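Scrolling down, you'll hit the structures one after another.
In what comes next, chain A is part of two complexes: it sits with chain B in the first one and with chain C in the second one.
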Partner chain A sequence: MDFDEILKIPPYSLDKTEKRGLLTERLLDLTEHHKKNCTGYARILASISYDRKNVYSHKDIPALPVRLFKELSLKSVPQSDIVKTMTSSGTSGQAVSKIYLDRATASNQQKAMVKIVSDITGAGRMPMVILDCPSVVKDRSMFSARGAGILGFSIFGSKKIYAFDDDMRLDIDALQRFLDQHQGKKKLLFGFTFMVWQHFYKELLRLKEIGITFDLSDAVLIHGGGWKRLVNEAVTQGEFQERLKNVCRLGASHDYYGMVEQTGCIYMQCRYGHLHASIFSDVIMRRPIDLSECTIGERGIIQVVSSIPESYPGHSLITEDEGILLGEDDCPCGRKGRYFKVVGRLKNAEIRGCSDTYAEKFG
Partner chain B sequence: MQRSGGAVILMQKNLDKLEHDIDAVSDDLAYLIGSRETLLGMPSVKSSIPFDDGILGFLDDVAKRLMGRPDIRDFPDVATLGFWIRKAATTKLKERFYKKDGDVRLGRGVVFHIAPSNVPVNYAYSLFTGILTGNANIVRIPSRDFAQVEIINGAIRASLKDHIDMEPYICLVRYGREQRINDMFSSIADTRIIWGGDATISEIRRSPLMPRASEITFADRYSLAVIDSGQYLASKDKDKIALGFYNDTYLMDQNACTSPHIVIWVGDEKERAKKRFWDDIHEIVKKRYTFQPIQGINKLTKSYLLAVAQDGIKIKSHGDNLIIRVDIPKITKDLMDHKCDCGYFFEYDCEDISELKGLCDDKRCQTIAYIGGKEMLLPLVELGVKGIDRVVPVGKTMDFDLIWDGYDLYGQLTRIIKFI
Partner chain C sequence: MTNLELYKKSFCETFEIQEDALKGLVYQGIPSWDSVGHMNLVATLEEAFDIMMDTDDVIDLSSYEKGIEILKDHYDIGF
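Then we have the complex of A and B:
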């Protein structure tokens, strides 16, 4: 099955049965493709005696742990076809994922993302304020998750400015000028959750106290990235969005869940606060003890499948995040498919033993 | 006269330096047992005769206090420790090690112990070994708050009240990674004992020792289990064996250097034996082990990494993530670089024991746990392998002894005064 055919279908229009048929066929094809073209992947399938006859749905496709992409260079196309290598944002010293993209996969990522995001923001480009500094995207050969996110979302911007200088200070005048220039038009704000909080919200709050305010009622904010650092600030998701609204009359804000290992297939938050799986991908919550599937409302490890990856075997991944499936096909926002929330990261294991290095290695 | 006067001045100088050093780090150093004065006195405290009555009496007191606790059943590791320092047990050690041959043995002096951070009772074994052999002991205690540490220290403190003469020999301290404190203790140590593996060893080794001081290091090691399938199936003690194997592995999250990472099957009934063995283990793990969600992901990741590195492996589970077994068609040189913990086992069908040569001809190879006749392992050892320090029955891998990890701790912590 060709990805172009999937692209023709509206992203939240298929119910459970239709979507299962579509994803199962596409993911089975991808599994065969990677098996043929990636030796490492083929060996993994062999080690668990994979047999496509046992696959009844896309949920039965073996999932690779995301950490594998930090340890190995897995690709299913010749090196000469690679046009981009994406890396995850790791803190210093940590290994980063390396994701190899050829032209087709890179382009399909973008096309899928356009479909998904337009469903939330409406079609067409908008003036866009990037809540980050310009230097984060400078080295184009190696995309960090932050840079990749910004570049990925930049396709929705007609005119763009970076709101921060390289010291992450809000450029008040530039922002005001930009807003004035595009008065009356719907605008897009984009940034990483923690950066938005730390360098945008807090600054707006300070400015408000000295009488400088912004009216962002015609803007929609899309923000992503982990909540881990905001937990330290004791800010919940609801509070984050509420407080932003209060400080600048922000029109709407949408969180999204996604990872560099499956770029393109992001999970956008609807106005009811639910993250949604589009027809390009799906989430399956797994019980840690045996990786069986959780029921609705049960907390589990998040598995993600994507119909996009052709250049690397990342079409079915088990993450180290935990989430809860909230429902399927029946979100009040009208979107079909699964909707869920993310609870957080799996805790590192505290283990006993003679060697002191373990905790540090995984800490 | 002049000379001995010079020596006295030199000693006084060293003492002044020690006092100065101790005061300089006093903010970063916590005393759990002992004090600044204990530390200051250590270089000049008299060495004891190993296993002398005062020592055995003191340790027996500690043992009684530990074993007499109403909650001792909740702490099997503390109970085992207490059992090891009972007078009946230490007297046996004395009979084994202390030879009346006309020479005199004395403790070497000051022992500086660096305990591992993840094993609650390990520091106590190290300390008691230092005490048994007649030494004064400075022990760096792990920073994590283990209940066991408080229990054991409580028993030591209480026993010291009745054995004041033991006080100068024990100083338990807690501090972070301050190198200057490592420097200070290393500068007065006659023997330094480093637990905690390769990384800790290289960190502590930045602190110099005195010219005649010695060092005992417990490096990163791995261990294996060899099971004779026929003898295992014939055994009447299969339940005991299963529990023993559980204690060898899961009890320490399979992360002790003594925990087997590979199970090697010999004999003619391998498949039948495997089925019974792992079914039994699985039952126990299900009942006793606290599974942490990330462990399943860690084991899955490790097994897939190995699958990519080595063609032909087979990954098996028991329908869940408690036990992950990986069938190895061939023992490769880098196999142990792929080891994991918390219930992750390589398995190998062995036709001839010499196939294990590569695995054991490695200085990291420590313990072989066996089921069956231990003599089956002799041909392997006689190949002149560089590894293997212990060959012990399954269930006994963690039983501490003065011969440990290839070291004769009694020999290394004492000195012989030769009388001819």
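Then we have the complex of A and C:
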């Protein structure tokens, strides 16, 4: 099945049965494609005696640990077809995942993302404030997850500014000028949760105390990248959004979940605060003890599947995040498909074993 | 300046290339037409022709020739 066919379907329009049919067919095709074109992946499948006859649904497609992309260079197209290499965000000294993209995969990522985000923000492009510094996208051949996120969302910006300088200080005058220039128009703010909090919210709060205020009531904020740091500061999601609203009358805000290993398939938060899986991808919560599937409401390790990756075998991955499935096809916002929340990261020690064993075996 | 000249100029200036490189040029075909370059090209074209392109058109703009087609068909720009 061709990805272009999937792109024609509205992103939240399929129910459980329809979506299962679609994803199973597409992911089986992708599994065969990667098996044929990526030796490392073929060896992994062989080691677990993979047989497509045992696959009844997309949930049965073997999942690679995301960490494997830090250990191995996995790609299913010749090096000469690679147009972009993306890396995960890691702290210094940490190995980063390397994801190799050819033209088709890179373009399908962008197309899927546009469908997903447009469903939340509306289709039009808007003046956009990027809550980050311009140097993040300087190195154009190697993209960090941060740069990829900014660039991916840039397509929604008609006019754009970076709100911070390279020392992550808010440029108050530039922001004010930009807001004045685009007064009365719906605007998009984009940033990573912790940066938004640390360098935007806290600065707005400080400015408010000395009488400088901004009115962002016609802006919608999209933010992502994880809550870990804010959990440490004891800031909940509700509080984050509430306090931003209080300081600058922010119109709306949506968190998203996604990872560089499956760029394009992001999970956007609806107005009820639920993260939604589109038809391009799905989440499956797994019990740590035996990787069996959790029931609704049960905390588990998040597995993600994506119908996009053709240039690298990342169509089924087990993450190092924990989440809870909240329901399927019945969110009050009207979107079909699964909705869930992310509750945190697994402790390093718990999964490193699996990953290292894998790497040693197949490296 | 004709629309075609303006269109060519937008490409040449954004990607720092000569006019003879334009025919058959595709997205990711040269290092400067990457995803960053692409958004710069869109901004330059929008400014030059005073238009705002739809997200679908931004994505579809995959070659020098395709861009002409999009501007003609969706934005009433005569070439």
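Heads up, the rule we're going with is that the second predicted complex is superposed on the first by the 349 of 363 C-alpha atoms of A that agree within 3 Å, B and C clash if a C-alpha of one lies under 4 Å from a C-alpha of the other, contacts with A are read in each partner's own complex, and residues count from 1 in each chain.
As a convention for this text, contacts are C-beta pairs under 8 Å (C-beta built on N, C-alpha and C of every residue); 3 or more make two chains touch, one makes a residue touch a chain.
Small disclaimer: the values here were computed from a predicted structure and weren't measured.
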Which superposed partner A:135 touches (first chain B, second chain C, both, neither): neither
Can A:85 be said to touch chain B (first), chain C (second), both, or neither? neither
Look at A:37 in the shared chain and tell me whether it touches chain B only, chain C only, both, or neither; answer first, second, both or neither. neither
What's your read, chain B or chain C touching more residues of chain A? B
Go through the superposed model and pick first if A:118 touches only chain B, second if only chain C, both, or neither. second
Is A:158 touching the first partner chain B, the second partner chain C, both, or neither of them? second
First (chain B), second (chain C), both or neither touched by A:291: first
Residues of chain A that touch chain B when the two form their complex: 39-40, 43-44, 46-49, 64-65, 67-68, 71-72, 288-291, 301, 318, 320, 322, 346-360, 362
Looking at the complex, which residues from chain B come into contact with chain A? 116-120, 122, 195-200, 218, 220-221, 252-259, 291-298, 300-301, 303-305, 307-308, 311-315, 319-322, 326, 341-342
Where on chain A does chain C make contact in their complex? 83-84, 103, 106-107, 110-111, 114, 118, 123-125, 137, 140-141, 151, 154-156, 158-159
Which bits of chain C are touching chain A when the two form their complex? 27-28, 31, 34-37, 39, 43, 46, 52-56, 58-59, 62
